[in-house]
Structure formats: structure tokens, C-alpha cells
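Chains: A, B, C and D, in written order; residue numbering restarts at 1 for each.
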Amino acid sequence: MNDFLIAAVGFILAMLALGLVSILRGPDNTDRMMAAQLIGTAGIATLLLLGTVGAVPAAVDVALTLALLATFASIAFVKKGLASLEADGAGSAEDK
Amino acid sequence: MSLARDMITIIAVSAGAFFFLAGTVGLLRFPDTLTRLHALTKADNLGLGLVVVGLLPQAASLREGLKLISIWLLGLLAGATVSQLIARTARQSERAK
Amino acid sequence: MSVATIFEIALAAVVLGLGIWTTAVRDTYSATVGFVVYGLLVALIWVRLDAVDVALTEAAISGGLGGVLLLGAAARVRDAGFMAAEAPGKAARVSAAALSMLTAAALTVAVFLLPDSASTLAPAVVAHAWATGLTNPVTNVLMAFRAMDTMLEKVVLLLALVGVWSLARDSAWGGRPGPRHQADPNGVLVFLARLLPPIGMVVGIYIFWTGADHPGGAFQGGAILASMWLLAIMAGLTDTPPVNRRRLRLLLVAGPGLFLVVGLGGLWFGAAFLAYSPALAKPALLLAGTPERSAQQ
Amino acid sequence: MTAVRVFGVCAALAVGLGLFGLITNPQPLRKIIAFNILGSGVFLLFGIVGRHGAASGIGNDPVPQALVITGVVVAFAATALAIALLLQLFQRAGSATLRNGAPRSAGSDPPGG
């Protein structure tokens, strides 16, 4: 059972790495920001499986923290460096 | 009983891994930002959900199980929000070009 | 070689690859994104090393406050297009690379030559756990056995906050450290900022509470609570408190102050250890949260 | 204990990588990031030593763990302060480079004002 799970972790980690390569290469920063979201799904799945394999039950709490904060990097990207941008009249979509 | 549980785990985690594969293939193959965003936030969230379902039979207690489920719900919320936010920004920067 | 070892090598390779990319990529904003992701992946290594307390700290800080801080700074610095900084010459690069490789090689050798019976204080920590009644050894060390470090850490946080405040423009001194954020009241961001903080508060307090017996604790919980506050600020639902408000200042000083009072009390009553007080959560939250916010001024 | 060796090499290389970036990258923000990478490598080395010396049924020595937690929080505080300084430099000098001390265009605030 453990061997199967750790093989699954390895597989998902490989998918995560491939996804990262694809995203970080991406033409502009909009693509790169997806990397944080990739951690929010594949990273959390890796963490959950890892916790089960290594018998580290508290890994679930780490995953909970990551899931809770998964949106933050993207929000920071969307809001950008508010002050300077707003002054230039180049606020982002969410800014009025 | 333990065998049945392990079977559920193996099947669900394998299915989850498949959806992660699908999401990554989408990231690698899709041409533009919006379609890649779609692959990332939909397929990968389904993969996460299936992994959670697979780990539920292995959870030590009810509390652990509830935590797992809430992680998935938070992941869904994050996926939905992030795709909205990034897609809007992507469309805006496309218009600006 | 077992399956687990292969997985560990893969994880290390992914983290290192991300680190190399972060160091090598030309665009500063990309490097910042790379570093945030790097920080989150390092949390996976900490879990694998069975140090979940550290993993929680790493995840809570680099996922929330730290990430927002770095990304905000990167966006502001980049947009002005100042990227004409000249790189050092080839000779300097080569010697820097040689120095770095030498350092890495020396550290690798040190890791491989670790003595088999390492000196450790772990048995002592476990043996004295009765003194606090808590079963998480890390919390015991932080709050009781090495409480001095934790107190000074709070002082460092306070000093950093004072430093950030002092850097504010003269006209802004005494006022709010940053501009008020605004967002579409019907937008996704505001929706999230209304939905997530209640959940986040429960999780933050849970992480703080469970820190007594399981991995978790005041810093991790405090960082999560502060992130939730930051989310509400970013969505324009609430505002940063003005710097000159007396209550805020008192609250900030209360963190180290409480430690001092408890420490002196322990000395007075002849008890050997500082007691662990749940009242630390709020100061920890503020101390962790406010420097970040005001840094975005 | 292969994990100790694998992640030990990883941590050592992260230290080297951070050091290299710190020296060669001319932009202050990149220097801050490189310094954080260096720091994460050092923290990981603490974790490696703690894992290696694990005893008494604890997976990782709690004393280095507590030190690292303190270290992570202090590093965060230092990063926040460094970024505040950087943004000030940027605002006043109109550029965020450390070279050629002379600012390109003085901002509305005179330096040191």
C-alpha cells in the first residue's frame, strides 16, 4: 500500500514539475502566476499523500494552511503594486 | 474490510493521478493563457478531489476526514476565484495590446 | 534504492531546479514568483524531514504575508522600468561561482560526515515536558525552555515594524501607513474577502490551539490570522490602523511586555519556567501582520 | 537515513545558489530573494542535523526546530524592513540600483529629508 502511495506521490510530483516548467516558461506574467495555483492543487495532493505515507498526520494541517492561502499570490498579482499603478491610472480589473 | 478500503484508495488515487496528468498535458499543449488556466483550475482540482476521496478510507478519525474534505472545498474556492481573477487580468492585458 | 529515496531525490531536484531558475531568470518579477513557489515547496521537504512545525511556519509565511510583500514590491519596482542595472564583470562572476561551489561542497561534506551519535537535547526536552503540561516538544522549547529567544524575536519584530514606520514619508507620518485599497464591491475579490476570513480565523485559532499538543503554535496561527486581515485590507473592506493610535502601540508593546512580566513573575515566585499564555495570540498576530502591511505603503 | 543525505545535498546547494545570487545579481530585490534562498538552505541544514540526531521517539530534534521557527520569523521581519528600505530608495532616487551613488533624478523629497 505504502509503495503504491509513494509511487502516486512521485507521479503527481512529476506532473507538478512538468506543469511548473510549462507555466514558468510561459510568455507573460499572467501565465507565471498560475504556478502558485498549481501548488494549491498538485502541491496539496502531494502533501496529503506524503503525510499518509510517512505517517505524519499533522501534514494535513500544513495542507489546510496552503489551501487557505492558495489565493494570496494571485490576489497580490492582480492588485499589483497598487499605489504606483493607481497613480498612473493603470489599476487592474478589480480596482475601481 | 481493510482490503476494500485499500481498493478504494488505489482506485481513487489512480484516477486522481490521471486527472493531474490530464491537467499537465493541458498546460503543455494548450495554446493561450485562458485555455491553460482552464486546464489548471478544472482538471487539477478534480484530481485533488479524487486524491482526497482516496485518502478518506485511510483517515484515522472523523476529524481527519472532515479536515481532508474541507481542504478540498478550500481548494475549489481558491481555484474558482483564481481563475476569475487571472482570466480577467489576462483579458485586460490582451485588450491593451 | 527504494521508491521513497527516488521520490526524495525528485523532490530535491524540483526544489533546486526552481532555485536555479529563480537565481538565473532575467526578469525580476518572474524571479519573485519563482521564489514564492520555492518557499511553498520547501514546506514539503520540512514535512518529509518530520518537522511539521517548521513546515507550517514556512507555508503560512511564504504563502501569505511574505508572498504578498515580495510580489507587491516586485510589481512596483518593475513598472518603473529601471532594469538598466549593470551586472558584475566576468571575473567577478567566475570567482563568485567558485566561492559558492566551494561553500556548497564543504557543506555537503559536512552533511555526509555527521557523527553517528549526534549530541541532542531531545531526551531532555521530552523528560521535562511535565513542567509545562504541553506535549508538543517544539512548543515547549519555544515557549518555556528557550522563552528568551522567543521574547527577543518579538522584540526584533517590533524593531522591524518601527523601522518600517520610520521610513514613511514625513507627510504620512502618524497617519495610515499605506493608501486605502479599493475594489469593485461586487467583484470576486470582495466576495472572497467576505467568505474566507471567517474560515481562516477558525483555522488560525485551531492551528494556535493545537500547538499545545500537535504541530502548530502562535506564530503559525498568528500568520494565518494576519493574512486574513491582509485579505480584507486588500479588498478594501477594512483599513490599516493609523500609526499614531495609542491603543495599537500599546497592543504591539504588549507582546514582548507580557513576556517580560511573565518572566519576571517567574523569577519573583521562584518558578523555573515561563508559563505559556494564550493571551499571546493577539500580539503575535499584530506583530506578524503590521510590519507587512505597513511595508506596502 | 537517505533522506538526510539527499536533502542535505539539496540544502548545501541552496546555500551555494543563494550566495552566488547575492554576489552577482546587481538588483537589490534580487539580492533580497537570493539572501532568502541562502537562509532557507541554512534552515534546512538545521533540519537535517535535527533529523539526524532524532531520538526519544521524536522524528526531528525539537531544539533546532524551535530555532528555525524563530529564524524564519526573524528572516521575514528583516525582509520586510529591507523591502521598505528598497522602496524608499526607489522613491527618492527614481531607480533601485545600488551602483553609481548619484541618483538619476531626485524625487520630490530631498534625500535625508
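Assume a contact is a pair of C-beta atoms (placed from the backbone, for glycine too) under 8 Å apart; a residue touches a chain by one contact, two chains touch by 3 or more.
The structure displayed is predicted, hence computed values, not measured ones.
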{"item": "Graph separation of chain A and chain D (steps between touching chains)", "value": "2"}
{"item": "Third chains touching both chain C and chain B", "value": "A"}
{"item": "Chains linked by the largest number of contacting C-beta pairs", "value": "C-D"}
{"item": "Whole-Å gap separating chain C and chain D, where each centre is the average of the chain's CA atoms", "value": "12"}
{"item": "Euclidean distance of C-alpha centroids - chain A vs chain C, Å", "value": "18"}
{"item": "Distance from chain D to chain B - Cα centre to Cα centre, in angstrom", "value": "32"}
{"item": "Chain C: positions in contact with at least two other chains", "value": "4, 48, 50, 73-74, 76-77, 80, 188-189, 192, 196, 199, 297"}
{"item": "Residues of chain A whose C-beta touches two or more other chains", "value": "16, 33, 36, 38, 56-57, 61, 64, 68, 70-71, 75, 77-78, 93-94"}
{"item": "Shared interface positions of chain B, touching two or more other chains", "value": "74, 77, 81, 85, 88"}
{"item": "Touching pairs among all chains present in the structure", "value": "A-B, A-C, B-C, C-D"}
{"item": "Residues of chain A touching chain C in the complex", "value": "3, 6-7, 9-10, 13-14, 16-17, 20, 24, 29, 32-33, 35-36, 38-39, 43, 46-47, 50-51, 53-54, 56-59, 61-62, 64-66, 68-73, 75-86, 88, 90, 93-96"}
{"item": "Complex contacts: residues of chain A adjacent to chain B", "value": "1, 4-5, 8, 11-12, 15-16, 18-19, 22-23, 26-28, 30-31, 33-34, 36-38, 40-42, 44-45, 48-49, 52, 57, 60-61, 63-64, 67-68, 70-71, 74-75, 77-78, 92-94"}
{"item": "Residue ranges of chain C touching chain D (in the complex, touch as defined)", "value": "2, 4-5, 8-9, 12, 15-16, 19-20, 22-23, 28, 31-32, 35, 38-39, 42, 45-46, 48-51, 53-54, 57-58, 61, 65-66, 69-70, 73-74, 76-77, 80, 82-88, 92-93, 96-97, 99-101, 103-108, 110-112, 114, 118-123, 125-126, 137-138, 140-142, 146, 149-150, 153, 156-157, 159-161, 163-164, 167, 169-170, 217, 219, 288, 291-292, 294-295, 297"}
{"item": "In the complex, chain B residues that touch chain A", "value": "6, 9-10, 13-14, 16-17, 20-21, 23-24, 27-28, 33, 36-37, 40-41, 44-45, 47-48, 51-52, 55, 58, 60, 64, 67-68, 70-71, 74-75, 77-79, 81-83, 85-86, 88-93"}
{"item": "Residue numbers on chain D that touch chain C, as the complex places them", "value": "2-21, 23-27, 29-30, 32-34, 36-37, 40, 43-45, 47-63, 65-70, 72-74, 76-81, 83-88, 90, 94-97, 99, 109, 113"}
